[in-house]
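Presented sequentially are two complexes of chain A, the first with chain B as partner and the second with chain C.
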Partner chain A sequence: MVGYIIRRLLQSVLVVLVVTVIVFILLHSLPGGPARAILGPRATPGQITQFNSENGLDRPLVVQYFTSVFGWFTGNFGFSYVLNQSVGSLLAERLPKTIILAALSLVLTVIVAIPVGVYQAVRRNRIFDYVATGLSFIFYAAPTFFLGLILIEIFSSWLGWFPPEAPQSDGVVPIFQQFPGMILPIVTLALLSIAGFSRYMRSSVLDNVSQDYVRTARAKGASPTRVLWRHVLRNALIPIITLLGLSLPALFAGALITESIFNFPGMGLLFWQAAQQSDYPVELGVVIVTAFATVIGNLLADVGLAAIDPRVTL
Partner chain B sequence: MTTQLGGPPPVEPAGGMDAAVGAFAAPADSLPAPGTLEGRPKSLFRLGFEVFVQNRLAIVGLVVVALAILFCFVGPLIYPTDQVTVDLTSANLPPGSGHPLGTDGSGYDVVGRLMVGGQTSLIVGLAAAAIATVVGTVWGAIAGFFGGVVDGIMMRIVDAILAIPILFLLLFLVTIVRPSLPVMIFVIGLTAWLVPARLVRGESLTLRVREYVQAVRVMGGSSWRSVTRHIMPNVIGTVIVNATFQVADAILLVAYLGYLGLGISPPATDWGAMLSNGTQYVFLNYWWLIYPAGFAIIIVVVAVNLVGDGLRDSVEVRLQRR
Partner chain C sequence: MKSHSAGAWRRFLLPGVLVAAASLSLMGCAGSSPGATHAANANAPGKASDTISWALPPATVPNWIWPFSPIADFSVTNSEMQLMMYRTLYWYGDNGKTGVDYSLSLAKQPVYSNGGKTITITLNPYKWSNGESVTAQDVIFWINMDKAEKANYAGYTPGQFPDNILTATSPNPTTVVLTTDKAYSQEWFLMNQLSQITPMPLAWDMTSATAKGDCVTNISGCKAVYTYLNAQSKDLPSYATSKIWSVVDGPWKLSSFNSDGHVTFVPNTVYSGPQKAQVKQFKMVPFTTDSAEFNVVRGGSTLDVGYIPTQDIAQAKPATSAPDAAGPNPLSANYQLIPWFLYGFNYFPINYNNPTVGPIFKQLYFRQALQSVVDQKGVISSAAKNYGVQTTGPVPLFPDSPLISQTEKNNPYPYSIANATKYLTDNGWKVVPKGTTTCVKPGTATGDCGAGIAAGTALTFSLPYASGQATIDTAMASMKSNAAQVGITLNLKPEPFNSVTSTAVPCKGKTCTWEMGNWGGGWVYAPDYYPTGELLFATGAGSNSGSYSNATLDKLIAATNTQSGTAVMQAYEDFMATNVPVIYQPNYTYSLTEVANGLKGFTANNPYGAIKPEDWHY
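On to the complex of A and B.
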């Protein structure tokens, strides 16, 4: 167990290092190098030389790599010349909002998808199963922005229940004070993962129902309900932990789209605006943070799995 | 609450998150017999084909994809529209005579626009999936074949790129290179090869130690022979199934890029960009600028996924019989 965790930890550190190399390559593959990309096409050669020496871009690439990586690990992600603010402070302001959005939508996903998947498996090939299967196929295929638009049409324009825009104010507390504005973004982001998770839960329960231990439990005289809740569900939930870790990149990507629909000032919106204005330092900062978060999420999921399921050995 | 837990264990297609879907079109007990005592047994390909044909949903998916291709590529010959000249006098016309689905903000006919946009989505989807599949297969095969340190390094690279959300990577790349059709294909293809790489590597690792591959070696067969005649035919099914899902994903990615305004430049378009343009008028209720493109994406992606599910079921039948 301890050996497994150590090995998994080393693997994650290795992945993080490869991520830093990739981001460094991306930074230096910008047309004309970082200086030209940041100063714009009108910069004179003199300005570029000056920028390079000021920012240490004339030093050997290896030295630059290590100073960049050291900066990233200490929270120094460079400076956004478009927003005239350090990338670190931008991230500190925007990241908590995206985390709240993503976490709440994951909670909603789990609350909805697990019961739906279990019920589908229990009543397999009945009408509820068919309807849920059909819906999950559609939600799985529907672009997030289209789902968001339909939700705005129905619940904002037509019924008038929720505002079409997410809370705009700074800080985290106002998000909860203006919670009705968060409902549509959370639901939009959750729909895609609900579709995936419920399918997964359904086949996971079905896999377990045909196992020998279920027959043994039934033979001992346990009621079907007891077998389902005490025996099957425990085993069927195990793959969901891995799925939670693996779904993080998709969740961040979905958050980008959701934030752009509802104009929610999180990290995704920051990235999108940076992409439109070629604000490379911001883009790279967001990429590093999301990649680190994903690696840590996967690590936690695997360690959690090893803690829960004694059969896991790698 | 009644449950079915007391009954006999259900026969269920193994694995996969959508694996069970095929069950209601091709019940397991109606699978074709693997062969009779007299005559040649049916080939595994034939067997898989028969299972696929029996899967009604997969056939529906295939027909829908074929119709979409016809609509986008042959449609403009039957229903020619001007998709280049901006005509503001006929902008945002509601559906009516002459324009079955109305016109958009630049005066383009929406039906014709759907055809042009669909061409982008379908070409990029198919070509990017092909690139991703080839690159991923080669990468995964090399890693799985050599194993050891080479495998470790190659797979950590895959893990690292997988940790970066593909949409972020894609958006970053299109801010460096403004997208044209070939650029889109190339960029999406080069960000989507990770999953096939993992699949092929995993398959080749497990197949290498299978009895029938060892038997080839025992009988004196070369490693080339075991790779080309025994490992490849078994990996290819998984690869094709995954390629289908890659097409669906690529079509969605094209739509996302188009929606975020970083897709292909006008007057060319794709379904995501059409929808994005329509959202400017969402509070004016110009529904014909939003719903046709949105439903086009959903219908095509669902259809491609259905084909993929059908293919997976037929590949699994082959695997069970081998």
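On to the complex of A and C.
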């Protein structure tokens, strides 16, 4: 297992580097370029030349790339020439916010979606199943911005239960001190996931309850609770484990729409704004973090699968 | 069996669902607990308050404190922050109107002598927060820095300030004497040259935290000082605690600065200007989008000054109302609506050097026809809910000023399909409404299509425009539709802003192939507050995107720089209005400001973008 993990981690570095090469080429293929985007239409050719020179943008692409790579390995992710901050400090500022939002929404998703999915399967084709299925379709189809605005309208404007924006204080502790502000963003993000996860869970449980091993367990006298707890649920969770692993990148990549609606600048918004302003160092910084999260998420999904399913060996 | 097992599993599952529901309801209860962020705070509009919260524009945060801004960091938001602490030599904007407000300026009106080539500036008695006086040396400090590092200053234009300053001396602590290379228009010099000066305290003449510099007395010593101050200005987390930036001559000083845009100011208790701050704190509050801001401002409990996105204005105001008059305000229960226009004009360039379509653009009749299909009033009414102003030339029609010529006021090319058709048919084109208009009379005689235009040439153009703004989307769609009525095909291409701005630049030769480009914002006059055209339309000017070149216009522009009075300005703008070197389009509000009911002292928005929260109080 340890050897497998080490091999996968080494592969991860390679994958991330390949991703950065592709992104780097794509960024530099875009029309325009950072100088005109940042300096604006009133910039003179001389100012553009100076900007390119100061930021190394006039050097060959290969040189620019390897300079960046060297920086990454020495902990220097570059400097945002739009926000006047090091990319490292920007990531340190935004990443915790994004992780808190996405992780709590994932926790809420698991807490709600798994029981709901199982209960739907158990009570399939009953009123609860129909209602839950209908709600799942609605939440799954609803655009995030629409869902967020509706929740703000109901729970903030009408009922006044929650603030319309996320906590504005800097740092992790103040976010939890002003936790009511996190409720609506977390729920907005979670509703979409709950819809998807509960459908997977329902389907997975239905697949399992008709399996021979369930019939065998019942024939051997196991109680329905034991059958569900010890046998069905464990097997039904296998695809969910994979889904959870694949959700890891979202923890780091951020949720652009939710962050925008609730005034909670995280990684998603950082990347979006950097893309609009051709802020290459920031874009690459976010890509690296997200790419690492993706490969690590896949790795964790594989390890988790092996842990829960004895048939799988690494 | 099914029923039995389902019932058993329900007993097992129900607690799980209840736990989840209880978690949610607990979180819900927490939301309404005392002390939650939602609870109405002391800033609720209409209530007495010690703090004023002010919403920053969407996705905009201050990130450069030193008034010597590089062009990358020259923004309205940075200027607002800087001006609260570091006052420019002259204060531009006078209760919502253009011009200089001498009551807020650090200096008296400049006195011109020696045929206009000597300018004497007498300083008012202002103090820095460290107790030192604002002196002539502080002005010289800025000028020296500008001379040494002009390429690093956003306001620099080759040949102008400080290149045109031969000497800058301070015969006594309150007097600065400048001599220039030639006589300039007094209005232009005051509004476009002296506007660049922000006196800097001697405490900033440093090359490190402990080592003094000598930029005040020696230009060659400025580089080291620049390097230090530039590095300090890039060190955002240190702003609020910096010994450098804590020396201010404005009414405010920083209390806290967060790079995410949350900035808090407290009064500079020793401010020596006419109006000290009247509240204990002024807070800048950042927002990711205008929708996020609107969600907060309509709650009415946390923001004292915010804004409403145009799309959230439910009902347009009367078309006949003044541009800055408020219409129906959905937030009127808590706020007063005050539209804010920046001093600028909106247009998009056409490329005269394009080898294919350039010859068409060079024909005045074509530009007249193209301008005639721009339905500015219609777009202002539909997309901007009448919060917009027509553009008819380089001098903004709002706010009103003596500079606006009668030609601009009369709008020589109002929206008219009939006029557009006539311009084309009178000049050798066969107009095919909703088809393709073609040149049928090539040649250069009167009534012919003009030089370089072959028979059969079609009026088909590519028009990339900055995407993402409803007003521009609507304006472009309207123009395309109107142009089609005279057989002009505009192939609209929504693109990112930076893609448009980086394409629509001066060029020449075979690769100079862009045809039109609309980045949506035109031009805002800052820090060139006098609306002359040397940066925009003079032959070879850096921001002359379409490479328009006309000897008469060059002379008129030169005259606006060297001759005082409104006559030369109006001659320039009349030429610009009638010759349409660019295509004019509506100028929209910078912001639809929402000011909390009960907040006093907020009389008008500054057309140059500055704010004066020291006037505001409950």
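Definition applied: the second predicted complex is superposed on the first by the 244 of 314 C-alpha atoms of A that agree within 3 Å, B and C clash if a C-alpha of one lies under 4 Å from a C-alpha of the other, contacts with A are read in each partner's own complex, and residues count from 1 in each chain.
We adopt the following convention: a residue touches a chain if its C-beta (ideal position, glycine included) is under 8 Å from a C-beta of that chain, and two chains touch if they have at least 3 such contacts.
Here the structure is a predicted model, which means the values were calculated and not measured.
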Touching partner for A:F179 - first (chain B), second (chain C), both, neither: second
Partner chain in contact with A:P265 - chain B first, chain C second, else both or neither: second
Partner chain(s) touched by A:Q11 [first = chain B, second = chain C, both, neither]: first
Which superposed partner A:Q85 touches (first chain B, second chain C, both, neither): second
Partner chain in contact with A:Q273 - chain B first, chain C second, else both or neither: second
First, second, both or neither for A:S157, with chain B first and chain C second: both
Contacts of A:A43 with chain B and chain C, given as first, second, both or neither: second
First, second, both or neither for A:P224, with chain B first and chain C second: both
First (chain B), second (chain C), both or neither touched by A:V122: both
Interface residues of chain A shared between complexes with chain B and chain C: 30-31, 122-123, 145, 149, 152, 157, 224-225, 228, 260, 276, 278
Residue numbers on chain B that touch chain A, as the complex places them: 1-6, 9-10, 12, 14-21, 23-24, 156-157, 159-169, 171-172, 174-176, 248, 252, 255-256, 259-262, 272, 275-276, 279, 282-283, 290, 294, 297-298, 301-302, 305-306
For the chain A and chain C complex, residues of the former touching the latter: 30-47, 50-51, 81-85, 89, 93, 108, 111-112, 114-116, 118-119, 122-123, 145, 149, 152, 155-157, 160-165, 167-168, 170, 178-181, 183, 187, 223-225, 228-229, 259-265, 269, 273, 276-278
Residue numbers on chain C that touch chain A, as the complex places them: 4-6, 8-13, 16-17, 19-20, 23-24, 27-28, 30-33, 36-38, 59, 61, 63-64, 71-73, 151, 157-158, 233-234, 236-237, 258-260, 262, 285-289, 291-293, 295-296, 298-299, 495-499, 501-506, 519, 521, 523, 535, 542-543, 545
Residue numbers on chain A that touch chain B, as the complex places them: 11, 14-16, 18-19, 21-22, 26, 29-31, 122-125, 130, 133, 137-138, 140-146, 149-150, 152-153, 157, 196, 199-200, 202-203, 206-207, 209-211, 214-215, 218, 224-225, 227-228, 232, 249-250, 252-253, 256-257, 260, 271-272, 275-276, 278, 280, 283-284, 286-287, 290-292, 294-295, 298
